[in-house]
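Structure in structure tokens, see below.
By letter and in written order, the chains are A, B, C, D, E, F, G and H; residue numbering begins at 1 in each of them.
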């Protein structure tokens, strides 16, 4: 029940077109859910720029494409994550403006890109095999209206590559650090910055990496304070959280 | 290589007492470590307000107290986490201004409290058994210069308790959500807000909670985007990260 | 040894056609298994409406179809769970009345549907990816003679969707709550009702969901009392248990 | 906001004592939480007979006793689970009618026992070491107003002991089956009955029992359909769920 | 229902003192359990020499001692496993003939030792830390009437110690091989013999031994065919199984 | 050092061509490895009837077939386990007498079947899905010269099926009990017999069966004494061990 | 800052074109990263003989081949590990001197083989199924300039095969011991030698081998001191570490 | 067969008192084990400097002390690891020259320290909590005749501390790197050196460190090639392996 309906009802009452009992009955039927919806949903207006997301893995391409198309009727950007090319092909047929990232395996549909807020989200990535997850984080943050920088292939076993970029690292507003195998990079980067750092373990590795468990546990046990962690391979979640934080930085309370 | 050595070298060159090749050779041997130390440490000045921390568990009370006392000679606040009362008793003997939180099991030593920045860190906690971890997060954020609000005992099996506070929840700048057992609270709260949310699993539970593993996995798999997670029972880490984010919100880039 | 045989033996004895020793020997040979079988099986008559089930995964379509066909010669309904379409195609060739649910991947063969008992089994499901498991539960309960309602896509990160249906939820006789990822929905629903609730973890998720382990552990640790749990993806088991409970409610002791 | 307040508001409008804008503002402030609370809480009245519970493990005896005492001011029964004797001693000092079960480690406070509803909850237990968990289930169900029968020490490696009681087993309305070690008993009992069966794994065992994990996994994988499972050692939860089901059986929809 | 009761009933029938219907009713009430008990228990007579066992861990000494004393009223030997000295002290007070093994932590009560059957059970043990488990196996087999030999401290990292005893090893009828840490000994011994070998993993070790899990997994994966495994630290189970096998060897089918 | 070398040395000594000291020195250098080989292998003669085995999974059909063919040149039987039909097709081309079991996925090559020793190996199997593993055990024991009986589909949730065969079960010399899911059958059968019982967990199941882990843990924790366990799906190992034990029973020490 | 910039600066100073303060300021801004790069990389010269490696699994053949080709432009050898034949086919098209090991699944590109240093790396392998991992280790060590010996199929269940080679084993400078299943071989070999031994668990096995976990845990718990371990199936890492150690032996400090 | 028996046999042959066939038969029975013992033990002489070790945890102080005392009668050094002070007190009573390290919890008994070989074992340690394990490694290597350097508290979250010592790190012959929590230090150090590096995970941490599992997995998955790993908290094993490697470096092949 939106406010207009409510106002109409009240005006009808005032004009004597509706009796108290009728109004009471109407209000009694006043769907809890709608009031609840309204109230809970006050933050929906605030969600401008927050993308709708379709997790495409395990869905058939036509299903995934249909879901993306339906969501794209709304005003905000739509992301299709873990999408094979065929999903994109089907989306593009209907919406030629759709984009596809081969690396991140993402389909992106946006009416027009959001203006970029100040601040920088820096996405750092240990090895080239971690790129799909890193790029998923980077694109998510970009679509949500952030400047994104990328720093690739700066694994901890070659510190000089990371140290060569220490100023860029320390300049970032929020950091997303992506690593598989032993997952040590967030700890090392976390020791160099005083900004929020979101660690993303990846399933890159074999044997005792146990599908990313080794990196996940390492990140949860990081000795660098202030490091927080998302699920294995969850580049989308990290980009989303980074954007939330950067928005705070740009817009204040 | 401190700056004096470098100046001497340059002056010798200027006086013609050293040739270019010699200076070049000397600079080439220029000790990485010292320059590195200086450079890496430029962010140390930025760390004002960042507490020094002593993790007291597994240390003897006199050891822990001595470490706290030594760090308290520095300018910043000092936290002793997981400290039994005896640690505090020993610290207080030397520093009467030290405080102790029985619930959070923390010793706090601060010259004078930092001024509070704008914004609010809201610490939410599912059950009373989770209070020690929640309070560790809350006190950490407070000591680091943040307004902290607490919302206690709003477990997901009694939604009305949480919903009664939905405005307070939506008003917070950063949220720390603490829960043991099934760890569902961060997902529910995460669906109500558009602000960064740090989830803290606790070891509260028994049987198939496996020391907090159930709550940890639940939080890592949260369907609410933007939720990030810290280690089991790591209230300190969550408070620290929340303060980093709130500082960004208050101070901008 | 059925009762008639026993009566005959006794009558022979009474007529003096059999001596005590002979009767004793006969009774001594009295097949344990048959009596046992008889006795244990007294509840078989009670099992009307209980379906026979063929778990088709890992079986070749022709094998699965043959097993279904053989069981369908009996009086009760037959379910083929986790059946690919080809299983159904083969069953249908022999039994045109067989039905197939594409979502639940189930083949259903029933002479004529059981009359529906009073009461409602409500199957709630967190996300569309959980639908196959939820529908398996719903169809199982329907085939066993229950009114079944479905409530789909009411994940905990969008509480308003669940709260919009709170009356339907509170009206149900038995609830089956299906969720993957963090598995929080049963705790939230369990806090809204005073009726038996069966929680079904699904393998929906990735990374640290570990094939449904995260949801399973969350449900076992639910803070909502009265929640019981079945195996990961076990929609059939949940529907079966819900039907047992609803039958009790309908028929009394 | 109760209905009278709402009616008064509407009548004031009708009488022209309140303008549309004022009414709108009042309705807009209409406290979500209170409506929500009221609505959500309609089932509170239904909860008569549902005990309040204090999980005493990890609490100091005086804390636990104080919590029990405070809850005992309400109308319903109060249970203190996993309570050492000293908790009881303190509770009894204030409330002489409190009872204590040494085996179940429970404190029970009830004004007057609830009348027993028809139907029987049968608690079966594999070994004497499982007794504390079984008795916690049994006492919980009793306090909630159910006739409870107990069947002890009928482990699967001595089938004759179980089979000697097959009629009692088949007569029960709801069954709670408690077992540690290999956790096989629920499968065996589940094959003998057509009634709801709640399986409770216990932490009884050593080595590869891994604190009850072996029994938990066995029960989740039970080949007897209709078996549902609660957390390791969660006698309270099983008793609570069994009572919910038996109440349905007694009272219908 | 013992045979005498049955005979009486039949004789009453023969004498015309009981009608067919009466007899039928009596037989219909013929307790399943008793017949079942009788039938199932035909092997009880065969169990001479099979000890009754009390697992004392987690029981209070007076409880454990009382259970041992009660069982010792029967004809067979009684074992108290994982018994502290105080259990023994209490048992001895009542039964001076009771024995105690400090190493195996076992209390043994036997009227008179069973005569030893031919054949040898050889208990081999990798390190001295494994001795308690090995001795539990050895004593169990001895009490059950077997000649037992012991071979201690023949870990795989000092092969010469094992090889020095290769003939003794190859002469044994059944082998029990006990090892913690990497659990490699059963594979090595299994390659030297053609006789049944029961492997017992122990919880000896630290770190990644995970309470015996490493040894357990190693033994389950043994490349020596014919190796079977019991639970971690289950010396009793291994000794019991070895005795079963040796009895077969001694007595034939 | 082969025997010829040794004989030559001794003959030289006898002819006075070599002095004691020289011979001693030569013998002192006597290669450990060769003698060792000879000695260790004295038990090879004892291994008559022990099959050579090729584990075919993960090998290409032509590789597996070649290995089987090479081993079949020796005197004993050869088993190819986990062999697809194509392996058999290739083996048969060279050795027309080879046999194939579709159920057990085994290739069997034996010159002429070994005579059967007395005693019976009884292979029991909970569900039809466990048949491949059960049949692998049965065929292994048969090839090794044992009478084998099979008892299929006697899961614990339908006890009457098992109890109908209790005499056959109690008559067996050695039992192999195969079960997936909750793995309860060995405990139930183990309580009915006094003979050695080898439990085989299978990977049959889904969800929290974790590839057979649930059944494995259940069997390791069996409350029936004397149960020993082999690796998940290791029908071959169980059949081998059962044959070892039956051979002891047949041949004595 | 490359050396030319530094030289220019110094020459300006020498020519009096720049004052000490200016130079100091310039040097103070001297980019950490570049100097750091230089310094950290001083050991790069030392890395002659250290191969560049491309882990090919999960890469498309053309990607993997392109990466190998690009690295092969450098002076050192290049290894492509876990490479299918098609990777090699593509590499060979561009670089005809490339080699391929079918067993180790490795592509090797080296300008000319490094001269072999003294000492021997002995690679021992339990079963033929472990050969791919063992050969990866062996080839890696060979390419890095070591004499490599191989000892295959010396599993612990056939000790005589290992003991026949005890002198070869004791003569090796460094040992790499590869085993799957129960992973016992490193403990046995470790007891025979006083030289560094690197253990490599493989994923060979099934059921409770859990993808190599059983072997990994066994090796970590080895009772043979001095055994160190690498990741499951990490033949490359073991060969690399062995080469490092052998180089130390050959070249001293 | 000792040498005297062999000599007698040969002399009998020489005197013609024994024929070739007889001698051959006697030699054929020549006990494997004794010769084997001799032969296998030829490397025992090589073991000079290798300590005997008593793992004291879980042993009573008097037991541990007695074992240390008995081993100290031999020529080599003796280490008691994980020894409480009381073990030392008892050892010292008998051997005043025994030493004790409070940090490493080690008792050391050596006649006279071994001369130090060239080369350096560098033990690096992430945090002060890791010191006991690091010191156990350091003292083990020292007792075995190595120069040992220590570098403490150089965790990866404060890279400047590590980089300040990069030359010391690169100068070491062998490195032992000890770390708990996320276990990242070996990867970082491994990227700075070209020497063998042994990583030691410790159980330092809480929550998702799972007793050192997080650090262990991280180290096994290290992206720095050439890193090998020992068991959690196994400082002794790391020191031992490092000494083996340094000895090779010092002494060559």
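Heads up, the rule we're going with is that a contact is a pair of C-beta atoms (placed from the backbone, for glycine too) under 8 Å apart; a residue touches a chain by one contact, two chains touch by 3 or more.
Values in this document were obtained by computation on a predicted structure and should not be read as measured data.
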Angle of the rotation mapping chain B onto its copy chain E, from a C-alpha fit, rounded to a multiple of 5 degrees, please. 180
Pick out the pair in A-C, B-G or C-F whose interface repeats that of F-H, meaning over half of the contact pairs match by residue number. B-G
Chain centre separation (chain A, chain B; CA means) in Å: 24
Chain-centre distance (mean CA atoms) for chain D and chain E, in whole Å, is 39
Chain centre separation (chain C, chain H; CA means) in Å: 59
Residues in chain B with touches to at least two other chains are numbered 32, 36, 39-40, 159, 163, 166, 192, 207-209, 213, 216, 220-221, 231-232
Interchain pairs in contact, sorted by label: A-B, A-C, A-D, A-G, A-H, B-C, B-D, B-G, B-H, C-D, C-E, C-F, D-E, D-F, E-F, E-G, E-H, F-G, F-H, G-H
Note: in the complex, chain H contacts chain A through residues 126-127, 155-159, 163, 181-184, 187-188, 190-192, 205, 207-210, 213-215, 217-225
Give every residue of chain G touching chain F within the complex, in rising order. 129, 159-160, 163-167, 206-209
So in the complex, the part of chain E that touches chain D is made up of which residues? 31-34, 36-37, 40-41, 55, 57-58, 201, 203, 211-213, 216, 231-234
Which residues of chain D touch chain A once you look at their complex with the stated criterion? 3, 6-7, 10-11, 13-14, 16, 19-20, 23-24, 27-28, 30, 32, 35-36, 39
Can you list the residues on chain H that touch chain G in the complex? 36, 39-40, 42-43, 46-47, 50, 53, 118-119, 166, 170, 173-174, 192-196, 198, 216, 220-221, 225-232, 236-238, 240-241, 244-245, 248-250, 252-253
